[in-house]
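Some structures are shown below for you to check.
Both of the next two complexes hold chain A, though its partner changes from chain B to chain C.
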Partner chain A sequence: MNRYIIKNNIKLMCRSWVNILLFVIMPVILVVCLSSAFDSLMKKYDDAEITAGYRVEGDGVTDEMIEAMCEVAEENDITLEEYTTGDPEELIKKNELSGFIIFEEDTYTVYEDKEAAELGKVIEYFVNAFYENVTASAMGVDTDSAKLAVEHPDFKPAIDSKDYYGIVEIIYFGWCAIVAGAGIFMNEKKYKIRKRYQVANLSSFNEYLGKFIPLAIVASVGTVVAAILTVVLLGVHWGNIPLSLLIVVLSVAAASAFGVMIYNITDNMIATIIICFTVVWIMGFFGGAFETYLFSSHPMILKNLSPIYHINRALTELSCMGSSDFVNSSFLYTGGIIVVCSLLAVIAGKIRKGGRA
Partner chain B sequence: MGTILKLNDLTKKYGNKVVVDNVNIEIQEGEVFGLLGPNGAGKSTTMNMVCDLVKPTLGNVEFFGKDFQKNRKELVDKLGYIPQDLAIHGNLKAWENVELFTSLYGIKGAELKKRIDESLEYVGLLDRRNDFAKTFSGGMKRRLNIACAIGHHPKLLIFDEPTVGIDPQSRNFILEKIKESNKNGATVIYTSHYMEEVEAICTRIAIMDNGKVIATGTSEELKKMVVEDTSTITLEEVFLTLTGKKLRDY
Partner chain C sequence: MKTLIKMSMKLLVRTKIIWLFIVFMPILSTLLLKGNTHYTAFVEEDELVVELDSADEKVAYYGANGEYIVKVYDASNTELSNYLLDRLGNSGLFTICRADISEKEVTDEFIKDRIEFDAYEDRMGSALYIPADFDEKMLEGKMDEALTMYVLSDDSRTDALENELTLQLSRIDTAKDYIVEADSEAEEIVENLKSVDDMTPEKEVTAVAGSGNNLTQEQSDQKAQMGYAFSFLTLGFVFAGFFVANGAIKEQKNGVFTRVSLSKTNVLTYFASKFVTVFLVSVLMTGVVAVCSLMIDMNDVGMSRPVFVLIIFMMGLIFSSLSMFMGIMMNDVFGASVATFTLWCMSSLFSGSYFPLDSASKAIKVISALMPQKWFLQGTEMIFVGDNKAYGMLICITVAYLAVILSLGGIGLKVRRSEEWGES
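Here is the complex of A and B:
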């Protein structure tokens, strides 16, 4: 590893005002715009009170448990009101209910308010969780059915628009890391600086490190400075700071490796930027960079394929809940991208050198 | 004085087009060897093959008696290449440019610092070591371009048209420095379109045309190929006689 290439490339990147603008100022401006634009939308979910209607039909097991269910629901901020007659959909409209449940002998049906389908999902989840607890209890599993724990993201402390967009836009800009090195890599080609590297027999691996390490460092620092600015100026909460910081840095490092790989393959910076921005936009689209992942209707498989989804989800959950099941998957994704893209970038560099300059 | 560089049947083809055709040149240690030719003659491709920037289609380059391609690691620090392009970073200071390119040869720490000052002093830029390269004039950039290639003390220096687009003072300075390097033991290969420069500093000259070496010898020997009385003819006239007056890049 040639530390002088790394050091001087860092200097070159830091001397470009475009980098400061892109990684520090732009995301902060975007966070301000998006968080205020979506504040009212998020507020709707923050203040939601759930009132559901119900009716018990037949002599099913629910008849005996309905009283207990109403108590547990109350503990979880859900009010259950009995309506013995009437069409469920009409009742939802007429009484401003979040949903309606009809308990039959061994089944139940949940009707949702079409304008607040997510609240209907909460009701469905609650009923399902209640029955699971009761079943477990009946089977002798050590479960306190009276204190039903309803685990649903909507029941956790909800993230507000400022925190959400404060986090996801910083990550989105971090994925544009290649821009920090674009000018230098273009100049290396334009002014035939790479000829000097080749004459000096600099290996493809060292040439790659000379690009990747400075890019990852400068883009990470820029992204972290932007994140600090969002904390200071906008009061964005990043939750578990050391863990969040690690995820942000790994995310930017993965973006850098990906960008350098594309550049080594295409050997054309314009093409690299177009490809990178397109891929990042698609990953961001399914990853919640443009709408909150909680409320997006994209297929789960597409969300799971997007590394940005795992990173955004981990960071936003760390912000509002202090922990997240997505931390490990975000580490796996970023680590995997760094290793695979580095390998492919070195191979592409070797192939290019094989044909010489 | 032994042979420092030997080009054996060096050939480069791009598809069916032969750019360099069976070139055989032998350069002795301590020589200043001039390579002349009209545009498209194959000079740059030949030099690129010498530096292993372009892979020959046929033939090979022997450097210090060894196949250069097969012994790159061992021989690489003996070669200094000054490209025709200003291969420097405008947003780096003069000393940072020299540091970057000298470090490629494994020189580091205090030794690297010494070599940086040495190289900058050699090209007369020590006083401007902390200035950004982008603030330099054309001549200063050319000198910095040279400083970036000599910090590792190469035995063979290849200058590819190092005086293009600079004022007479800078040109004179560079030519003097090439002579000085040669006196200090470096072997030099010099390509240029300026005949008077080549005549002034080169001990031996090869003229290339259409990818082939059409004449080799001292300035006097080349002149004698055209006329008996060498005082009546310039190297440029010899060049035009051997290569013709037809435009090459129209």
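Here is the complex of A and C:
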């Protein structure tokens, strides 16, 4: 009996393919957009060949000094080119320079391109360090014998914005699992199928399973397809694939249980959708679904309360470090949600049935 | 027209669940807004050394343009340590964020905890710990005990920081030997070194292309707060419009719409009546928001309460009309709810309400310009700096968005209607 309902419901859900498409398409769009927005923030700095222009005005620096500077610059992968005329701003744009230095009497001016500020800073640093080293050696400073206490603690390596959002948005949309079942649950109510269940003497628990299992299966498949799509299209890296897959499936199952519970309590699909979306959005908001959790300054307690935070964190850390302390807590959260929500859903279903009989 | 509006309102008021949302959503939003008290996302720094309010403050956003961030735990805060940090900041490559912990009892445990937090919960190039006995250790020549550097990234600029630190510490070490007198040594070292620094050519930095906004730090915070307020407080309006749409969908399905058309009521009038309903619901919700806003300290938002409520109302109206439009167009409860919610979600994201989009790609910026929140944020910025043109601009924007939504809605309804006639 139960197996038949599950099979039938899966079949019905798959027919409303537009809803399922949402699972697949929406995350892909969001991943593309968000990873672009956060690209420079999360990008790792790479050593690049830097070219900068310079001009000497007045007698501030001697020829020997410039020569020495160019030599040292060359050693540090910075090419200095002399431009005797022209507006620095235009020269930067026209010649794709990362910066421009004008040496004057007692000062020098560094022009930095705002578009590539980090490279401009390298040039600024280089000139500054050059002068400092010159005066330091004049002072007789000996840096070779100096010792500095440097420690290398473990740290979380930088995760690429594409990987981060590629993982996080999949989870976020997985949490909207109820959408996949919305249509058939509505129709079930509309065409009074539930009365027929009653005649068939289907227990509340079985009726719940008849909703939960197909929903979890269809939503998981949709989510996994979306994940595969982002891997193929965008090259998102998932760390430990079997473990990550298990977390994703469990998270969708938790979302399904949560959705069915709300539906059983409210018995109103619109209210269910609104409540689910609001709750999921709030959890996502604190859990790093939009703004990277590393950057956001929400209180830790709110983050820790959000199951999505634990799932996100477990998956992203698996992706960039290969292991995570949050795997256990994410299992705990999803498992807990599945059990508690299932229980409440069955109880709510029972009360409703009792009231009607 | 009047009857139509009356009817819709009556039906809406009878739906119990909408009351829950009209009252509950603004309260929830306000609580969320109040819960978020600290924002770092919009800070733009020009100072050499950024002073952090506390050791807990996150520094990741200071590196929004790829800067190398050094978070400094300064338990010493003497002239010598300040000099060192100034020199590091002055070098140009590093963004120094200093947390003054000289007043605190600093234990090894504390530093260990902080570094672990920095390594896993924040992002930075390196962290520095300057212990309280920094001056003494430097004067004793024990450079390797004077401070500790914690490497927290695999950034190649870490080497430059190490070199710079070594250089500056060696300079202090060398300067120390020049001084014969034993009293007030640290100050004298700093003075000596500063006179040497004066001999090097002075540096000037000019950023080419683009300019930052000219908001003060406080106003930047307020702008961030407004961004959050926009997104939180409009969520309720999105759902309100959706309830109106739900009524319209039902009317179409139950043939009410056909009967309304038969009474020679124009489709546009019908649509307009729905809009007026949305308008009334929005006014109602704004009332609740106004009451809720008593919980918010208006100093955090940086404008007077009536203006704040007015702005929220205009934004809310745009979004509730939009969700109504989507609902009527899609003629499907779920499709519409999902679509509107997604739309709202995306527009909050792309308008830059949560985080700055300055460093995003061109395409994203174009998308961002289409989002109402983006213009409202711009409007609030103008209000902050006392530009009265902002009000006109905001009203124009609201009217423009509404005009687009309403005309699209009216036309769409007509087109769909004739299609359906063809089918039947």
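Of note:
Here, the second predicted complex is superposed on the first by the 242 of 357 C-alpha atoms of A that agree within 3 Å, B and C clash if a C-alpha of one lies under 4 Å from a C-alpha of the other, contacts with A are read in each partner's own complex, and residues count from 1 in each chain.
One rule holds for everything that comes next: contacts are C-beta pairs under 8 Å (C-beta built on N, C-alpha and C of every residue); 3 or more make two chains touch, one makes a residue touch a chain.
Keep in mind that what you see is a predicted model, and the values were worked out from it rather than measured.
Once the two complexes are overlaid on the shared chain, A:I282 sits against chain C while remaining clear of chain B.
In the superposition on chain A, the chain among chain B and chain C reaching more residues of chain A is C. Once the two complexes are overlaid on the shared chain, A:K192 sits against chain B while remaining clear of chain C. By the touch criterion defined above, A:S297 reaches chain C but does not reach chain B.
Of the two partner chains placed by superposition, A:F205 touches none, neither chain B nor chain C.
When both complexes are aligned on chain A by C-alpha atoms, no chain A residue touches chain B in the first and chain C in the second.
Taken together, the chain A residues at the contact with chain B in this complex read 2, 4-5, 8, 11-12, 15-16, 184, 187, 191-193, 195-202, 355-357. Residue ranges of chain A in contact with chain C, taken from their complex: 18-19, 22, 26, 30, 33-34, 36-41, 43-47, 60-61, 88-89, 92-93, 103-104, 106-115, 117-118, 120-122, 124-125, 127-129, 131-136, 139-143, 146-158, 176, 179, 182-183, 186, 266, 268-271, 273-274, 277-278, 281-282, 290-291, 294-295, 297-299, 302.
Looking at the complex, you find that chain C touches chain A at residues 17, 21, 25, 28, 32, 35-36, 38-41, 57-58, 60-61, 63-68, 90-93, 115-116, 118-123, 143-145, 147-157, 160, 162-167, 169-171, 173-175, 196-197, 199-210, 235, 239, 242-243, 246, 333-335, 337-338, 341-342, 345-346, 349-350, 354-355, 357, 359-361, 363-364, 367. Those residues of chain B whose C-beta lies close enough to touch chain A in the complex are 48, 51-55, 72-73, 76, 79, 81, 83, 85-92, 96, 99-101, 103-105, 108, 112, 148-149.
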